[in-house]
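To keep things simple, chains are lettered A, B and C as they appear, and every chain counts its residues starting from 1.
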Amino acid sequence: MKKTNIDEINRNIYDIKNKDIYDYKSKKGLTKEIIEEISKQKSDPDWMREFRLKALETYNKLELPTWGPDISELNMNDISIYVRPKSKLNNSWEDVPDDIKKTFDNLGIPEAEKKSLAGVGAQYDSEVVYHSMKEDLIKQGVIYTDMETAVKEYPDIVKKYFMKCVPVYDHKFVALHGAVWSGGSFVYVPKGVKVDIPLQSYFRLNSPESGQFEHTLIIVDEGASLHFIEGCSAPKYNKVNLHAGCVELYVKENAYLRYSTIENWSKNMLNLNTKKAIVEKNGQIDWVTGSFGSKISMLYPMSILNGEGSKTEFTGISFAGKGQNLDNGFKVVHNAPNTSSVVNAKSISKNGGKCTYRSLVRINEDAKNSKSSVSCESLMLDDISISDTIPTNDIRNDEVEFSHEAKIGKISDKTIFYLMSRGLSEEDAKAMIVRGFAYPISKELPVEYAVEMNNLINLELEGAIG
Amino acid sequence: MLLEVKDLFVNAGEKEILKGINLKINAGEIHVIMGPNGSGKTTTANAILNNPLYQKKSGEIIFEGENINNLKTDEIARRGIFMSFQLPEEIPGVSVTNFLKYAKGKVTGKPVKIFEFKNELKKYMDELKMNPKNMDRSLNVGFSGGEKKKNEILQLLVLNPKLAILDETDSGLDVDAIKTVSKGIEMFKTNENSVLIITHNTKILHSLKPDYVHVLVDGKIVKTGDASLAKEIEENGYEKYKN
Amino acid sequence: MEILKLNETPVRTSRNFNINNIKLENVKIPEVVKNFTNVKIKNETDKIKIDSNLDELFLNYGVGNIFVEQVKKIANKKLKITIDTKIKKEVFIDFTLDEENNNLIDNIEIIANENSKATIYLKYESKISAFHNGVLKVIAKENSNIDVVIVNLLSSSTNNFLSVENEILDNAKVNFVIVDFGGNASITNLYSNIIGNEAENNINTIYLGKDNQLKDINYICDLKGKKSNVNIEVQGALKDSAKKHFKGTIDFKRGCKKSKGNENEFCMLLSDKAKSLALPMLLCSEEDVEGNHSSSAGKIGEKQLFYIMSRGFELKEAMKLIVRANFNNIIETIKNDEIKNRILYEIDTILD
């Protein structure tokens, strides 16, 4: 099983580098002048240019986090914050320039679009190069476009929601994002519309010593539902790349949103991403996350349950190998009665990698009759790796049911012996146990991603076990 | 000769458990090892499968004319020895079907045809009165004691080894379940393959006719006889074999 | 007045979570203190030596620098307890803070030598507004087995600061029972350095909070020896506007193969203004270990309450019964009946 999978997938598809050909690449560094120049290049409306400059001021005021992984190697003076590819926005793959199209072909995006997606957005470096959605969704009033188009065509909606869920002063890298954001997707699902087939945006960073700062804004209106998938990857370079995206999700009354992510950045990436959802009455946001890539990741999706009866589920797995420090987790704030949250987080550490589960569950004074249950499991595959669990549980009223459980351990020798007695080699036995460990997460992913995740696990286990 | 155990001494950690076991099993035979708790029955099974938790100090295990003392467990399994566990392990996230399909591919060395395989599995599960839903459940996770034991026999039938070692397969089962499990073993048994039953009680022997019965006390086989020996122990216990 | 940041966790998390440390304002820290005289020591055996010749052992953590320094400089009660053999008789040390002795700054060292065994009770009590800052260091040498019971019954206008550390060597065992009922702000730090192979540390804590009481509990357990073991069990109940911060860290250091660590924390909320904040951390740099933690909070189960009330108990009595039932496993580990009864009495009084 393992062998055939290895034959089917080639790690290199993620690592294929295109030449660093661009239409425009900003000077390295982060200054007022550079921001103004980007704003001009992007033909921002005035309000957006001012927004960027204000965000830059906030960035300069805020300090780096005093906790978590060491990110002192990040020097903004080494990074080009804006790289415009040599391509306009297209709605047909035919029109996308060959080298860029080939990249997405290799990643299987156009094929997945034909088979199992209702719409696709594809970003290359700082700009979206392809966006398309099925005709019937357009007819139902669903909007799925790149963020730049949204700023121009739907200014009222964007002004109302843009960086309101995640305000620029949240933390330093959100402020950075506010100043330099580029690309990303905008989705609006009108009242009562159920989008049965997922939409997917894929983010590819090709340019060395650069950053990607896409902004995703999704509004699922009353009674509507959506499954949105985000994928990301980059080829590996020697110097650090930076990803500081921002995802803002608004889930209205009785609406449902599932947000799935497979993160497979290259191992020179600093992934300092921010994701937040505000959920109204009886709405629900479900997060499904597989985190495999990046050198350092600090990512804690957050659900703010503002409406009575709103719900959230978080299902996530992190897999840290050599040289990786994945500091991931989840935050939830219960602000209304009868709200509920369920967390199922897993991590695997091997080859000196470090996984941290860091979280917050806050049940506020008004969130009477709320429930929260958290389960964390960590697997250590050797004795040179690290696995930390750092959950904060903040309970501020008595009408709650709250429970948190966490486990750390290794694969048991007895289990390995049992599987070997059925003819499996030791490596196969371990791989089977690890895949089984990850299964509750992979089964939540769309089929092709679940396969990709299993393949990634097999790849990560190659050479690590034996 | 299918299996020969010669003067086997085995430790579990510092403790000496087996103190010179000798055993010969020919193709087509059913053997039974009986003995009180702690006499070394489970150790015998684990030593044959080379569980690293047990260390062979001396002696030989010969399977089909070849010394398998130092083969890895999976190599032993692929040569045709199966062990039904007293306490089967739980493997979350791996379904019974997927696991068995994979294991069968490993043991036979041939790709498994899915359709045929599922039919075969279904047939066996019917015979063993197993809930068909268990096919898609995680291996042994949340299974009752009886379900776990039946699942071991299901694996025996699917993997179809040359020698089946059944470690306390009957313990903790009610009368009906013992009948079902015995039926499963009968389905497996042919004139070419062999069974080694390890047990401390004799209920399962009412339906299976052993060719040889060995009494294991304190790490040694103290008596070997035919089926009547099991009957005698059922009546009188192990007292007279203890020192 | 200066804001004190105390009881820092060994690993920081997001500042917005308000749990990396506890900030206290308007804490009066006495600068000059007279000798503390109101201490009763009941020691019926000459196998345990009690004197004031401290070894001045090094402290790794502590509640906060200012308090550790204060103990070093101006402790007004110093006790060194040396245990040489296995002793059945228990030692009782009772500190009563009163008008004459309203500041207690104690420095206690317990040295359990090889193969020794003993039980030590430390009780802190006051009816008046007072101040307590203490350091307790326990050294458990090879094969020793030491039980330490710490009972805080200070008045709710007394600030209580306690820094505990232990060092556990091969095959030694230290059992703590910590009863944390008193104090306005009661800040406890416990650092457990489990160095030895097959060393064991059990920390059992019960706490009760009422009015505006604050409990800040910070336990840090480093597992270093092979096959070592730590169990942390914390049970508590909060009424009125009481607040509790629990920070419990089990750190599996590289090399502590086959060690186990368990941590279980449960907070009963008896009022809608009570607040429970918890950070149960598991840090792990070793593969061959088993670590578990669980943390939960909520009010007393309504079914349970209904059942007890259907037997004729009024609400308050039923609540007391359930709290006592939850504390029972820990209270039962206390062998001395007088202390045990006193604790049960205090539970009844506080929950009245």
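The working rule: a contact is a pair of C-beta atoms (placed from the backbone, for glycine too) under 8 Å apart; a residue touches a chain by one contact, two chains touch by 3 or more.
Note that the coordinates shown come from a computational prediction; the quantities given were computed from them, not determined experimentally.
Trainee: Based on CA centres, what chain would you say lies at the far end from chain A?
Mentor: Most distant chain from chain A: B.
Trainee: Which chain is the middle one, judged by CA centres?
Mentor: Answer for the innermost chain: A.
Trainee: Take the average of all CA coordinates in chain A, do the same for chain B, and state the distance between these two points in whole angstrom.
Mentor: 49
Trainee: Please tell me the distance, in whole Å, between the geometric centres of chain B and chain C computed from their C-alpha atoms.
Mentor: Once rounded, the distance between the two centres reads 52 Å.
Trainee: Averaging over Cα atoms per chain, report the distance between chain A and chain C in Å.
Mentor: 42
Trainee: Mind pulling up the chain A residues that touch chain C in the complex?
Mentor: Residue list for chain A touching chain C: 65-68, 358, 360, 365, 368, 378, 380-383, 385-410.
Trainee: Taking the touch rule as given, give the residues of chain A at its contact with chain B in the complex, in rising order.
Mentor: Touching chain B from chain A are residues 1, 412-415, 417-426, 428-429, 432-433, 435-440.
Trainee: Which chain B residues qualify as touching chain A in the complex?
Mentor: Interface residues on the chain B side: 49, 51-53, 72-74, 76-78, 82-83, 85, 88-89, 91-94, 99, 102-103, 105-107, 138, 155, 159.
Trainee: Which of the residues in chain C come into contact with chain A in the complex?
Mentor: On the chain C side, the touching residues are 11-20, 252, 254, 257, 267, 269-272, 274-299.
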